[in-house]
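Alright, structures below, take your time with them.
Each of the next two complexes has subunit A plus one other chain: subunit B in the first, subunit C in the second.
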Partner chain A sequence: MMKQRLGVFIGLILCIIITTGCWDRVELSDRAFDLAASTDLMEDGSYLTAAQFIIPSRISAGASGEQPYFIETGTGKTLLEAIQKTRQKLSRIITRGHRRNYYIGEDLAKHGIGELLDGFSRDPGNRIRLDIWVVKGGKGMDALKVHYPLEKIPSIASVKIHRAVGGTTATSYLDFMMAASSEGSSPTLPVVDIVQGAAPQETIRFYGRAIFNHDYKLVGYLNFVEGAYRQWILKRISYLDLAEEIPEAGGNVGVIVNSFGSKIRSSVSEKNKVKMEIELTGAGHVAENNTNLNLNKGKNLKLVQNELNKKTSEHVLAMITKVQKQFGTDVLGFDQVMNRQHPAQWNKIKGQWNTIFPNIEVSVRVNINLKYMGLVGPPLQYKESEIKK
Partner chain B sequence: MTAQISDSLEKNEELLKGIFSSCYDIVFRRIHGQMNILLVYLDGLADAKPLDDLLVRTFVPAHEAGEQCDKGYMLEQQLASIAKTTTAQKMDDIVSGVLSAQVVVLADGLNHAVIADLKGFEQRAIEEPSNEVTIRGPREGFTESINVNTSMVRRKIQSSKLKMESMTVGSLSKTTVVIAYLEGIVKESVVEEVRKRVSQIQIDTVLGGNFIEEFIEDHPFTLFPQVQNTERPDIVASYLAERKVAVFVDGSPFALIVPCTLWSAFQSADDYYERFIYATLIRWLRMILIVGSLFLPSIYVAITTFHPQLLPANFLLSITSAREGVPFPAVIEAFLMEFLFEGLREAGIRMPRPTGSAISIVGALVIGQAAVEAGIVSAPMVIVVSITGIASLITPRYSMGIAFRMLRFPMLLFSGMFGLYGITMATLFLQIHLTNLESFGVPYLSPISPMSKSELKDVLIRAPRWSMHTLPLSGSKRHQLRIPRGQKPGDQGDET
Partner chain C sequence: MKISGYQLFWLIFTMEFGMTAIFTLSPAVFLSKQDAWISILLATLIALATTFVAVKLSLLYPEKTFIHSSQLILGRWLGRLVLLPYFVMWFSVTGVILREFADFVYITLFSSTPQWSIILIMLSAVVYATYTGGLRSIARSGEIIGPVSALGSILILVFSVKDWDWLRLLPVYSNSGFLPIVKGGMTPASFLAESFMVVMLVAFMKKPQRVMISTLSGVAAASIAILAMTMIVIMVFGPELPAKFIYPLYSIVSYISVMEFIQNVDVLIVLLWIISIFIKLSLYMFITSYGTAQLFHIKKWKRTIWWIAPIVFVISFVPRNTNDTMVYAKTIWHDWIFPINLVAIPLLLWVIGSIRKKMAS
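Presenting the complex of A and B:
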């Protein structure tokens, strides 16, 4: 009995192999790996998609000087149609599992990217840890065309730059969707722009953050430092350089901050007047000291630290004011803070958040603790007599 | 042939010569002296030298001693001084005595024969076991002679509790099989079961341990061996102390040990001769590699052909570039390479020694290098197969390793068809199968399943000696303490 059943079982398995031919196996050499893609808006209103595919046979050779990738494009009224046009030119199946970068041209971003997002979320082959970039002042395809010298496949560069400058990578698609679907908050995307590098060729640069409104339309940019401040408020930062002038000492002090904290306290008054108290903390070390202060003295250190905190607070507040007044979209997570700290009031006011947000009274207090001064003490270029003890 | 021995030496000789007709290796020697004596023995198997000396000293000179009355008694007494003797009345006792390398002495006018145990055949010296090598352990291994083998174990356990029961199996070979166990420690039911299964064997010849193993194992159709074999007396001694039963088979330098569990595949003798932290780490290394040898080719095939998303981008780039231009699908490639590796391995065992270098050169060059350079096989696949090959040979129990090596192929088929889903299903089947296995009443996966906490000290880790207080093997109500508590260094005197 047992043996019979085993025989039948093996027989059935063999049937599956031989007769049906339904192995959904796809060899690596039958796949085209799409490592980055872009979408742009054409003048006639149709979409232009482009994708950077790797050429496996050129990867190991390397020395031949030929690029190990090529770009294929397609146009169509919708994203799917454009992709289909691309597929007509490809001998292999497009595999998007490794696509970590998606570039969107500025025109399209301003026009609104709502139509793209549905296609993204429906495609199971799409990677959820995807970064969508806005190409400031350019087309998405320009970013694909840039040849970045350090990486074999240039599209890897933007992720790596983002990580290297201290940002959080691989979450922008997810964050965008979450922010877009939650009440109050507005989505953002990281931004790159294409600049002239040292060599004649152009290179890619991490610019900052793009702010979208509720209709998924681009409303403006935060530059690199402003974007970093925003990340600091959202606790998504791992590295930040700050350089501030210390007027009392007639010079600059540069600080590298690498430990971050952020706390927001909110309050709501009777007339739906919202107040936010933001406290940003950090610990850092002195990387540059062009003043004549000996930072090994507690008094001097205190002076620098206070000045630094005061200046940074002003910058952060300026950034927040810009977001409030100029863009009017909540990209600072204030809605979440309200929701958590005042859930009852939040339910009442969340419908009017767009009008409340620009008028929130914000106060910022930055509290960087300079922990490591190093053993150098006063700047070496000053003579002993010039040093302020 | 239950004929009695007659008084007449001539008659006896005639009868025996009839039985041993066309047996050139049977020696009949008639000696005429004070007594007419017939010696019958197998040439080369019995050592007749001491007997000759004795005969020359006592019987051949024409003695005038008066006690002619009891020749038989005298013969026996004299022979007892050089060998263990027995008397036999029946012809077939004589025949079996001759065949088991003893010397049969017949005397004129005596109606019984004296059989002297003068075995003296050539045998291999005790050598270092070649299949189970240790760094710090003893360097003696079993030989083909059962007496030497049992004596080696006896020397390690000098206790009257060590019982060795002898049986004869094989209608033609008449092979001695010895069942060894420690009385009072072993589970009596296991011994009884072994005794029963061995005594029920009906076979013509027994030429090795496997002849017995295939009769006494519980599940003949599984890939996993349920009887362990070893060529090391120290391993036998340690298993006997752990409530197991050993079966020695004459002519085989391997002792069988029952019951056996899967975990013995990961235990090497050196685990117990090295300090416990290192032994535990090495045991983990072994487990990872053995499991790896089972899964690595399948996982490679599944990931590259079904789930390339699982690979990090840069790793994928290297693999795709290496696989570019390879004509076969990954699963075929894997089958091909694994098949060739098994072929190389088998050739390595079977080849005559002088041809060894040829095989290794051809194996390394043709299969490794040339196939990759010609673009027939991808380099990552060669790496995967090499790692698998090394990993599959790491198990200290060769026969256990065979099971994992064979399972690699169905696993590969499943992964080639269904990807990681197939591997998961195959693993589930394997686990169901393993939990169903039993060896002499002991579940094959014990003590992990069924779980027995006190026995886990020698499975996933090798606990320090001073902490292995209880005996393993589940089912014992009375947990005997094998190592009393409180012997942890630095703890002496703290215990009350």
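Presenting the complex of A and C:
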């Protein structure tokens, strides 16, 4: 018995020796944290990758005016080769656990991004919770270089802007892959562009949505509002400002919508003529009233609401028509709707979806319910006689 | 070495859940797309049926292990002959599971730690548990580890709620069809049917009449957990992507982000997997060594561990890469071991055994 105890005791002591470390130990001081990266197409067809790394010693509070990050680049005919070139300049091992953003230059997006995508999900060192951005009219690396005053690490800005304007963050890589691997859908990515800010330096701006075709090539852009309408149809939006003119009252009314719903009813005729009835619902409050209407009166509110719904419906329809006629790629999830609602017919027509999609007859009905008028009824500056009751 | 019904429940649950959830979701979704959950339901029914047969078979002679009962049913020589495929299965699967464990750890955690050391550490833990207390210490570990792995699967469920999209489960049936759904259920069924090992465990039950309820509820609980994981995988990744991931559940967990705060929790799934593997390997190690000892009339069964462990260690180096271990799971296990060892022979033995018992009485 004693002998056995002793054996166990020695065994346990030996365990301590084994568990103190392992072959894969990499200390924090041997890691370079990659927060954002970019890829661009060079003129000779090779890739240029760049990555933004944190400089830990400069990140702590109030450190001098020096930037707490630096950018390192590499080129190669594949991403991994380009990263290898980057590693040749790095004293630490790249760690991507915190990478949230990946920027792709417009040239590369037009050329096609099929070759880049695999590594993001194959290598376990990469995160699939990732936003891939297209940099409109620029290079991916430009987005890394932009200095952003509010955030210590500039690449954080795109994530935060994306969230602040009511988008869904960190899902764009996975959404891209899901759309690309499904039968009818075409993938999309969010877009930033670099614009002149108020200060002399440039700043980064959330632009909208990039539309890709089945070969992962960029075919066009939706601007911010168009992109938001699309997100509304797909129920992936949490905030939207709408301002529309009310001709009967000779002014504009601005509305903040913050709860969203979307319903699509599809039908398909004998001749494979597809119809989509889209009903978008929303609830919100009036944020701006530049008319002389007293919105506390039911009649006036109804007028504003109807006009708002009518105008928005037209805009959404215009966006859909643009996608159908100009791009001809299904980025609105219509294929999924068909698959769900008419599975039998879908199996027959899915092969011809590319030709059917541009000719779908779409009707849009927006139904925003204005629940709150804000803190005032009529605008305060108007005299009693000027207010329309 | 007596175990209770409660312990048996956790043993079955733990050893079924980890391997099945990690390995079989990808082939199931590959075949039956968003209807993979129906495949899992089907697999559950198949597994419950094979488990029922296995328990019935072992209850014919509740004090005897499979090694003896097969000889009682088929006679001395035929009974021994029929054991041959089982020993092939026990040795090979123990080695392959060890290797699958090392591969998974390599991919997810340690890429510069040599493979032999990962395998050796697990093997020594398994040998330690089996050697010191036999089935009793394994059962006690199961009592602790089982609830942990159940809790882990609940955590995965809770953490991923906000990424669920129920619409991705639609349309039901029309994108797959009858045959793909049935075929998709076979791989999970072949893994769940491993509860057959109960034929070696019944002899150690304190109350053999509790075996049926404990085993079936263990299989059912594991199936429910796997069903939940399947639905999560489809609701987060859609009907196409899970088939392309090798370990879709691992990818789901690494995708988790709760309020930007709980992130990079992939270690959770690695932990669940490792503890489940530990229980499974220990059970197989116990069964193989005890069975070998009984077959060759070796008095001290524990001694057999000392030469079984090295054999298993060597077998774990046979596959050249992860594709080879997949081939084992997809062809050898799925096409041969599952239909022969886990379905046909038990059924045959049960029928013959019942007839012989009836005729005797």
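Going forward, the second predicted complex is superposed on the first by the 362 of 389 C-alpha atoms of A that agree within 3 Å, B and C clash if a C-alpha of one lies under 4 Å from a C-alpha of the other, contacts with A are read in each partner's own complex, and residues count from 1 in each chain.
The working rule: a contact is a pair of C-beta atoms (placed from the backbone, for glycine too) under 8 Å apart; a residue touches a chain by one contact, two chains touch by 3 or more.
Everything numeric in this text was worked out from a predicted model, so none of it was measured.
Asker: Quick one: is A:Gln196 in contact with subunit B, with subunit C, with both, or with neither? Answer first, second, both or neither.
Answerer: In the superposition, A:Gln196 touches no partner, neither subunit B nor subunit C.
Asker: Name the contact category of A:Ile153: first (subunit B only), second (subunit C only), both, or neither.
Answerer: first
Asker: If you stack the two complexes on chain A, which partner ends up touching A:Thr95: first (subunit B), second (subunit C), both, or neither?
Answerer: In the superposed model, A:Thr95 contacts subunit B only, not subunit C.
Asker: Go through the superposed model and pick first if A:Pro124 touches only subunit B, second if only subunit C, both, or neither.
Answerer: Second partner only.
Asker: Go through the superposed model and pick first if A:Ala344 touches only subunit B, second if only subunit C, both, or neither.
Answerer: In the superposed model, A:Ala344 contacts subunit C only, not subunit B.
Asker: Can A:Ser57 be said to touch subunit B (first), subunit C (second), both, or neither?
Answerer: In the superposition, A:Ser57 contacts subunit B only.
Asker: Contacts for A:Ser259 in the overlay, against subunit B (first) and subunit C (second): which applies, first, second, both or neither?
Answerer: Neither partner.
Asker: Touch test for A:Ser181: subunit B only (first), subunit C only (second), both, or neither?
Answerer: A:Ser181 contacts subunit C only, not subunit B.
Asker: In the superposed arrangement, which partner chain does A:Ser29 touch: subunit B (first), subunit C (second), both, or neither?
Answerer: first
Asker: Return the residues of subunit A at which the contacts from subunit B and from subunit C coincide.
Answerer: 23-24, 97, 127
Asker: Note which residues of subunit A are touching subunit C in the complex, please.
Answerer: Touch list, subunit A to subunit C: 18, 22-24, 97, 121, 124, 127-129, 170, 174, 177-178, 181-182, 336, 339-340, 343-344, 346-347.
Asker: Applying the document's contact rule, which stretches of subunit A touch subunit B when the two form their complex?
Answerer: 16-17, 23-29, 31, 33, 35, 54, 56-60, 95, 97-98, 100, 125, 127, 152-153, 156
Asker: Contact residues on subunit C for subunit A in the complex?
Answerer: Where subunit C meets subunit A, its residues are 107-114, 117, 121, 167, 170-171, 173-175, 237-241, 244-245, 251, 254-255, 257, 263-264.
Asker: Taking the touch rule as given, give the residues of subunit B at its contact with subunit A in the complex, in rising order.
Answerer: My answer: residues 304-306, 308-309, 311, 313, 316-326, 329-331, 416-417, 419.
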